[in-house]
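Take a look at the following structure, please.
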Amino acid sequence: MRVKMEARKVMLLLLLCSYFLLAAISAAPQTCPADVSSGCSDETSGEWEGEFFPGISKIKYEGPSSKKILSYKWYNAEEEILGKKMKDWFRFSVAFWHTFRGSGADPFGSQTKFWPWEDGTNSLAMAKRRMRANFEFVKKLGVDYWCFHDRDIAPDGKTLEESNANLDEVVALAKELQGKKIRPLWGTAQLFLHPRYMHGAATSSELAVYAYAAAQVKKAIEVTHYLGGENYVFWGGREGYQSLLNTDMKRELDHLGRFFQGAVAYKKKIGFNGTFLIEPKPQEPTKHQYDWDAATSIAFLQKYGLLEEFKLNIECNHATLSGHSCHHELETARINGVLGNVDANTGDPQIGWDTDQFLTDIGEATMVMLSVVRNGGIAPGGFNFDAKLRRESTDVEDLFIAHISGMDTMARGLRNVAKLIEDGSLGELVRKRYQSFDTEIGAEIEAGKVDFETLEKKVLEWGEPKVPSAKQELAEMIFQSAL
Amino acid sequence: MRVKMEARKVMLLLLLCSYFLLAAISAAPQTCPADVSSGCSDETSGEWEGEFFPGISKIKYEGPSSKKILSYKWYNAEEEILGKKMKDWFRFSVAFWHTFRGSGADPFGSQTKFWPWEDGTNSLAMAKRRMRANFEFVKKLGVDYWCFHDRDIAPDGKTLEESNANLDEVVALAKELQGKKIRPLWGTAQLFLHPRYMHGAATSSELAVYAYAAAQVKKAIEVTHYLGGENYVFWGGREGYQSLLNTDMKRELDHLGRFFQGAVAYKKKIGFNGTFLIEPKPQEPTKHQYDWDAATSIAFLQKYGLLEEFKLNIECNHATLSGHSCHHELETARINGVLGNVDANTGDPQIGWDTDQFLTDIGEATMVMLSVVRNGGIAPGGFNFDAKLRRESTDVEDLFIAHISGMDTMARGLRNVAKLIEDGSLGELVRKRYQSFDTEIGAEIEAGKVDFETLEKKVLEWGEPKVPSAKQELAEMIFQSAL
Amino acid sequence: MRVKMEARKVMLLLLLCSYFLLAAISAAPQTCPADVSSGCSDETSGEWEGEFFPGISKIKYEGPSSKKILSYKWYNAEEEILGKKMKDWFRFSVAFWHTFRGSGADPFGSQTKFWPWEDGTNSLAMAKRRMRANFEFVKKLGVDYWCFHDRDIAPDGKTLEESNANLDEVVALAKELQGKKIRPLWGTAQLFLHPRYMHGAATSSELAVYAYAAAQVKKAIEVTHYLGGENYVFWGGREGYQSLLNTDMKRELDHLGRFFQGAVAYKKKIGFNGTFLIEPKPQEPTKHQYDWDAATSIAFLQKYGLLEEFKLNIECNHATLSGHSCHHELETARINGVLGNVDANTGDPQIGWDTDQFLTDIGEATMVMLSVVRNGGIAPGGFNFDAKLRRESTDVEDLFIAHISGMDTMARGLRNVAKLIEDGSLGELVRKRYQSFDTEIGAEIEAGKVDFETLEKKVLEWGEPKVPSAKQELAEMIFQSAL
Amino acid sequence: MRVKMEARKVMLLLLLCSYFLLAAISAAPQTCPADVSSGCSDETSGEWEGEFFPGISKIKYEGPSSKKILSYKWYNAEEEILGKKMKDWFRFSVAFWHTFRGSGADPFGSQTKFWPWEDGTNSLAMAKRRMRANFEFVKKLGVDYWCFHDRDIAPDGKTLEESNANLDEVVALAKELQGKKIRPLWGTAQLFLHPRYMHGAATSSELAVYAYAAAQVKKAIEVTHYLGGENYVFWGGREGYQSLLNTDMKRELDHLGRFFQGAVAYKKKIGFNGTFLIEPKPQEPTKHQYDWDAATSIAFLQKYGLLEEFKLNIECNHATLSGHSCHHELETARINGVLGNVDANTGDPQIGWDTDQFLTDIGEATMVMLSVVRNGGIAPGGFNFDAKLRRESTDVEDLFIAHISGMDTMARGLRNVAKLIEDGSLGELVRKRYQSFDTEIGAEIEAGKVDFETLEKKVLEWGEPKVPSAKQELAEMIFQSAL
């Protein structure tokens, strides 16, 4: 038998080929045949010259009456709203993966996006060129932040050393391109794409995978620190299960707890002061992800003594997939003191998977900003556009349109909150609902000083309580009138 | 203007009429006109004579080959399985509300069930007659437990005093009818039906309602204690919100925390040793209930220092409404040490509300029992049939059929678990998956003794991890072969 | 044995008591004890004097800057938009059942609404008083239409004759109160509340129930005709199944087909020219309703030869429960030529049952109006507010607030559509997408004149197609900018 | 500027590279670098020698007590059940795509399956080797059918001619390997993976794509016909929309109607007598697919005059994604005379996307078989395993385990149906429910001979109907006792 390739050998080949497909993130061609005249080997070493987005100049605020597609109608970075500049409320960030590694692939379809700067490879040279495109984009959009996974900015190597070396090379360029103003809102490690993580990273049934994940996170924290990142995110895409029948959930959760404790220890050791963020998501790709929602994440952090060390990165699409409104998840995080960042996107209300669309619903944006304003802002967190173009949107221009639309929507949300606060009637409606507790006996109850026997006596004295209308329709009318 | 009835007056009238409709629970006629020959006034004082379920004798185990509808084919109370009698694994309980106050009403339909012992009133006499029916039912079924809400066993009075007096009278009868063997699996207070609780009980915006709820819970604990109840349940049907726009979620949750602390203090004061149980449910009747699921409840209990004082009552239908499998919720409770009771029912996989059907899915029952057996049983908790006949099932006999079917299904689940354990291969499959952690380095990692730097060194030494198949299909095949 | 009441007798009693509870629709007290001083017997015959809504005058348009709660900010009845008066686009209708029979009850809670004009009975006198309240409300709101079920406007009698007589009496009053301008948008028969309909009406397993439903629909059509109703609606709340195990779906559907054919024949016989409308709903109260969604209804109508005789009444909340956007259902009806009416409400995106909330989402309202404008309006249909106050909204004023908010939201939707049409760019974007079919070969393909062999030849000639961006984000930006 | 690759050029390159990734279906490496010693160029032309599944012999029936993993415990091909051999009830088919092109990739993860016979290319030689593996698998499993998409059995070429030539070459081999017994249950065209189909195939906004799809379907029908396929399936994965804002739904549906009419004409022209099947699916990859569910497909087929020409291929996972039980979809197809084929799989009840798992739920399998038996079987359709291994199941053996488990589960379903029919009580329960229609007046009503006036007279004569219990719990008990 001439050709006998075992899985192991294919795996090796695969590694040699630097072949880790970014299924949804990048199904881009990574190798190319020798017989193509515009040969890959030449191109990959070549430098891209000129602009990546020729014909698109820096996006400017032109106000709501502007008909110019590539302009801000509502987002005015330097304008002060509720005592802060808009840019300081939002701290908008571009997600490198969706914007520069999104291929348009989906579970039933291959790549649809063929950006002019891509040469079809996953080479180091291509990684650098892509990084240059990123910063041109970030600057033309006029934002100060970007977010990344280790493996979307630099190619996987044959070994961890090689992967780390690749990463270092790209990161050095990013540092240079960042200049003084731009920096990562956060960095993170990609612990879900590679087959080694198929059973989880920190929760893998394989010890060697746990170790690998630790090594990868260690490096990603270092790199984020080096680039001046203000936060570091954990999204445990594979930290969950596909079936309880073959899973020891308790053991896996204990491993996850240990893993986070180890990350905290390392962060402190190297003096990284950025916030650690958990990003809850209920499921997908797993049947059940351990960081299901905000409350589940809080229970986990409490159990493993980590509540002081972490905040949450709330993503609206993840919120609705877990059966909550985005506003609910933000408020849950806020009142527990762990609202750290927002992944500003939205799902489709009729769809049961993560569509990561740019949020264009003004009412929703207003509710998001209600929570953020109540929180006094979310710095050092911000708003990361964990959002992507639809598979069918294939013009380079679409990348700008989508971000502008998302930023303008959030800006309208903030402006609406300012109107609501100025008007005051919604806040007053809520305050009045609870005024029976703004009394002496109310204060005592809230302080835990009134026992059940005393309360029973009060009831016998007071008789049947009067219960007023909750005025929900009025609250909705007031809210809507600010939109 | 002659007739001028304000809401307050109607409310008063309503109280006078003892008129609190049990919409879904009992929409039964409570008063009746004088001109009906078989006059209510006579009947309400009359005693029911003879059997409530004539023609139905005690249900017996007859084995799987029996064709007799009113017999157990799989549940054999005294038979020992996995070292315990079946009755001790299950501790089955009849839910008074569904079985005796269920009217068949739904949001679009009025009462369909007209049991022969009902006289159309909500009188004290009727309450007592109903209690007699309950115990005949419990005994004919051959179970030792029942569960109740205060207000489904005794009519609401005009005042709390009167309500309490009514309750005392019915409870005294129940105590007598219980005999030595039967007792409540748990009692609870109905804090959701009455309009006073429309904004919540412990989380109502009205202080007087908070107090009323405390007084009602105080009494319900006393009564449960008196009857020898082994647990006490909190289901916060109204403890949640309809809209975040008019809600101060933080303040409401703080009140809920204080409320539970007060209940714990009172329980200790009177020497009630039964377990306190929270019953998570995501929503319905509220848009969002604070005890969303097991993890959310655990986060809440941790935050308010109550984790040592409470366990959870997991209901399968609530589990699936919250986006989890029932097995997941049971396992979450189990590995956190708070699996206290099971509400043995099921929802409809295509329906987004609580259908409270009797569980007849053998696979599901087997998974439920997997968790219970791993937990070493759930005593002093048990399996309460929080399940009801369909609206269209209107024969008295249907009450027996449904319970028998539910008990037989659970019994098959237990028998299947015994087969799985005897076979051993499923357990072995799971054990093997994690064996890389059953090593020296594994133990050190699990003990938190290995830092990220060490792990990185290991990775450089070990190279790419080998990751075996998770064998999910094999696990499913083994599981299925036991059914 | 003294007291022996069989179900049948209780049923009789129940009928005598005029006792059919309107669980969710009206759980209002229907009888009252003799010993209450403000005796019911006097009150039920008494006439209500003066206004039902004192202190509330006719609602006027005051423009967006008005801070007056009880005013229209966007709905200006006589203002012309896109060539029609706003009132002619909308033809708003008040739903009698939600507004006047809604009790606030839910599956876990009893009545919360105690309107001052209600005396706690379901008497004929009360029915008339309620009808007067209805017309004062309709007039103060400034709308021209109302909708009703037979049984919510008049009490059920002991027999069909008596029910019909009751209905005639109330209808005569309604006719008088309507005056020349006001009339029903549609009438319908309540075939879901009474226990006789528990297995369905036209699809009941009992022939006598099928007959009863026919008789009731016959009368309801007559009454709608008499009142000048412009449409007649069929909502088959119980026409479906709870379990396929005990259901002969084919036979039930055939019965439903026959039933509709009979209704059409009768309508023609009496010269009623109003449109027959089916109102699709996927489920609730049944597990599966036969009129699941627009497409399912169309399939049914086609199969039974009824497509020319019926249109659809699309309800937004039903749309989302069936997994579609409201816009999708409207468009499906529109392009099939059967868009007949809109039930203007909304559900909660996180809730799996019919919440029937007033629609206050401006984006959603704009999409609804896009379909309606494309349809050239929906007369003789209109917008019926099949929407109800939240259980906790208990002020009379809330009834007005909710309707004003709903009408203003729809008005904003229409104004936004006018902006979109004036701007033109969204329409142009769509037109351009399909322009390859606006060619000669395109026309031939659309005419069915090009076979597969010819198409294959074209492909060989043309080579790989060029496929441009779908510009979804741009479409969303344009849409959003009109809000 | 040296490197300037426009999207178009990259596209070309891509075509040259035969590079269309099968994202979820096959993310396998398609090219490999020259410097790998076990050079691709040699391997791709090399023939695989020996068995693909050494150590696995033909799977045999060994009965329920067997502990051998690779044996049938319930499926006994030649055994007669209900008058037919098991193999004739099922006509099981292996899905080529899942079994041989499934890579384990998901939206967040790259390939995990590296079968030993794969060389990492998408070459023609590899396609042939894979086809050999397919037939060894099919034969060892002991089934007679297989299903395929054109593009999963043969590589896409640079042009349609080349693609067709590739297909012809592989199909010739398949024909040879099939022998006399094995043939396709059905073939189909892959109209969703390639970027050209991103806006749809028959419903693409681009005419040239419509033509391309026609040419591809033409060829796929020819090939299916050549191989003796008994059916041809249309799954319109991209025939739907992502957003209604940029979509002309009416025009797209009209195109789809024309497309199917063209396919029917071509089928007749070439004398292909296989059944055309539509496979409904509600969504994914699109937001909304036009063949949403069985009823929607029927409405569509009726509208475009195609109801006589098509049947439906019901997939259980698609059924539940559309909000129906699988049993409902099968019954809907059955009673409309269009039940043509079953895609035997299942989803996860908590997951909102297509998981395509092997069905291992015995109760579900029993319900599926109830419909199939009532239909008198589904030949010339059958049961295709449109089901895949979990991403984490990476052993070759797992392919067998999964299919055996799926076949045994279906076999248990059939055996259970036989028990139910023999017992007879479930059928009798249903028959009795409708017996009031088995009367003279019932027959007249069912024949459409009784008008509403006559029915009203009957009601006045008969009085209040008697309505018996629906006995749902009894039906469930009987059903469950057969499992």
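Going in written order, the chains are labelled A, B, C and D, and every chain counts its residues from 1.
Simple rule for what comes next: a contact is a pair of C-beta atoms (placed from the backbone, for glycine too) under 8 Å apart; a residue touches a chain by one contact, two chains touch by 3 or more.
For each chain, UniProt lists the protein as follows: A, B, C, D = Xylose isomerase.
Keep in mind it's a predicted model, so treat the numbers as computed, not measured.
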{"item": "Interface sides of chain B and chain C: same vs different residues, half threshold", "value": "same"}
{"item": "Fitting chain C to chain D on CA atoms, where both chains share a sequence, rotation angle to nearest 5 degrees", "value": "180"}
{"item": "Where chain A and chain B are represented by their mean Cα positions, the distance between them in whole Å", "value": "38"}
{"item": "Intercentroid distance (Cα basis), chain C paired with chain B, Å", "value": "36"}
{"item": "Sequence positions of chain A contacting 2 or more other chains", "value": "11, 195, 198-199, 242-243, 288, 323-325, 350, 390, 392, 394, 467-468, 470-472, 476, 479"}
{"item": "Residues of chain D defined as touching chain C within the complex", "value": "11, 15, 159-161, 195-196, 198-199, 204-212, 214-215, 217-219, 242-251, 253-255, 258, 261-263, 265-266, 282, 288, 292-293, 295-296, 298-300, 302-303, 322-325, 327-328, 331-332, 335-336, 367, 426, 429-430, 433-434, 436-437, 439, 441-442, 445-446, 448, 450-453, 455-456, 458-460, 462-468, 470-472, 475-476, 479"}
{"item": "Chain D residues touching chain A - in the complex, by the definition given at the top", "value": "1-11, 13-14, 16-17, 19-25, 27, 29, 31-34, 36, 38, 43, 46-50, 104-112, 114-120, 192-195, 197-199, 237-238, 242-243, 283-285, 287-288, 321, 348, 350-354, 390-392, 394"}
{"item": "Touch list for chain D against partner chain B, complex", "value": "64, 69, 73, 320, 323-325, 349-350, 358, 360-363, 389-390, 392-395, 398, 401-402, 404-405, 408-409, 467-474, 476-477, 479-481, 483"}
